[in-house]
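In order of appearance the chains are A, B, C and D, and numbering begins at 1 in each one.
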């Protein structure tokens, strides 16, 4: 592939789960991610990527996890232990502050908000058709967690034929080791590029 | 869920990529996996799971990676660096010994051989419809590699609604750290059970 | 397959698009479907199927078409002429009466409302995972239109491995000929059963 | 969309099931399609589309139905009556002449042969990822049958975001009425263009 790495008409920034519960002080699971977020500057870099994308004319796609409701999974055959844990604390609860977007990440005109996912942003959602109908075949993943929703979305996106970019310092996880699994062990087996925010922004088209 | 954990009429063993190149002496990438395989006894445990499944009346599904052919990816837009590396060495080459099943893992009457995959056993294959048409909603994953095809298949399977079991000592990876990512960091976020072979076989139905 | 044709624990009734715009007097496209609806008794039969399902302990799944919003498709590459027509009249408009459920078809506790579709109820939605997580592998399709959303959902469902039942008099279309295409020409090539409401209800389990 | 309707770098011709059993004298089900094939000139038009595509630099994708094998479906839960009928006559039998390509439709260098399907060319196959990896987002469907595999592939393709073109005289069905359902009743609800071969070729890029 010659030419610009992130052409504005075929690149999409996928903003995964920028909920208060994840990235705001007082969020239900934010304390578990805080050490990594502080170390890499997650929220500031997510903001930088989104701002640069808007400035460059690159479209932003919100990729939201299911918001918890009481009774989730009670009639399901096979919820995972992890899902059951999330249900117990009602993470990203519907109708509560924790399930609202962080104040710095509010959908704007022209953004696309995909239908909610349970793990991968692609499984059982309209994300793929929304990306395609907007001509996007290169996706840049930012948000949380590096080794759960981001990785599930990145792996699935690669399998669908997308060019996948991970951004090391615009994501977070519950431990340094989980970050290392995401970016040094697993990422290289499916992603096309694993970069930091500064490198990414240098490759974005000039506004 | 009460009752037996792995009922014979709804459980399938997924045997992922038991190619000579992976698990036979002289295989192209076997040297990279050998240290882990020797440490955990991968091949013997794969054999034990498959034998026990057959004895218990649990169906076995072969889940084969694409076999390399010269020219793979030359016209693709976005092959990954990892895929390009595999193409350079022609891993699991079609028509060669390395792309044949290991002698201990040969499909038998009643086994199902799914169509070939590129990463997840489910993406772009008939694995899901074959499982469903046989009434399977619980899958047990054995084979290689723990953090690539096994993990991609397990994550995708969970997203499709399957009950997913990983078997720590019936798989392998290119490093101990990759095994730890697969079973201690990522597995618990999507799998329903992470067991060793002895525990699994104790939960299989009596023949 | 022996045993009851529609066991309560593995059968789901899919109620497709019971919007006012489709089936209520005054609905935007109801006049186009009215002749067929009057001829076969669509709404009364939809109600009979849903009531009988609830009485028999068979779960009901709402399968809703996307509700029109101003600006739909303006940034899409390839909306179909049919979609553009629907957008012009804003059929099932979000926030309007026409995009509300018909008064006789209101979700109750225990019903599942799938995420919205654009054509097939399965494409880009959580319908499949919701069905699976509830153990459903037999689907009974009622609602509108016989040759568009119902047929797209039935074909896709069969491809996923579901047992698919069409109900001739609990659906409608814009012409008698379209009904004939749906039930006499195409249905027999993909459906497992094509019945009328009376036959279906006789095969439901006793409450 | 301005510009040429079928740009060579983003258009693919999908050649669906050009088996001897369908379109050659002596084929198992050819007698059922013969009246329509003779009336519209199916085979000659399929050849014209494929030849023109090759001349214009448009890539050809073979989209093959599963080839029958003895025992197909014997262990499946829900084969359709239609699939069971095909199994009884072993249509497109593996290893037999009827399951070979018609002599005029042989894959050439550069063609892509997708993995086999059961109904839609997309369901459980690598067709989508092959199209995407070749940059294709406009598909032209030729082959058989107009109201089964062609329609299933076209509907599914539209749902995935493709621009879909049907070609009235480069397909066939088992009756005139089935052709009318495919092109006059259902086609207009999901396809982007329904043309004849002459119109299509006039819109292809100059070689």
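Everything that follows uses one rule, which is that a contact is a pair of C-beta atoms (placed from the backbone, for glycine too) under 8 Å apart; a residue touches a chain by one contact, two chains touch by 3 or more.
All of these numbers come straight from a predicted model, not from anything done at the bench.
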item	value
Same-site or different-site touching of subunit A by its copy subunit C, using the half cut	same
Selected pair, greater C-beta contact count between B-D and B-C	B-D
Centroid comparison with subunit A (C-alpha atoms), farthest chain	D
Separation of subunit B from subunit C, taking each centre as the mean of its C-alpha atoms, in whole Å	38
Euclidean distance of C-alpha centroids - subunit B vs subunit D, Å	33
Junction residues of subunit A, two or more chains touched	77-78, 118, 123-124, 128-129, 132-133, 137, 159-161
Subunit B partner contacts - residues on subunit C that touch it in the complex	128-129, 132-133, 137, 159-161
Complex contacts: residues of subunit C adjacent to subunit A	75-79, 110, 115-116, 118, 123-129, 132-135
Parts of subunit B lying in touch with subunit A, wherever the complex brings them together	1, 77-78, 80-82, 118-120, 123-124, 137, 147-148, 151-152, 155-156, 158-164, 175, 177-178, 180-181, 185-186, 188-192
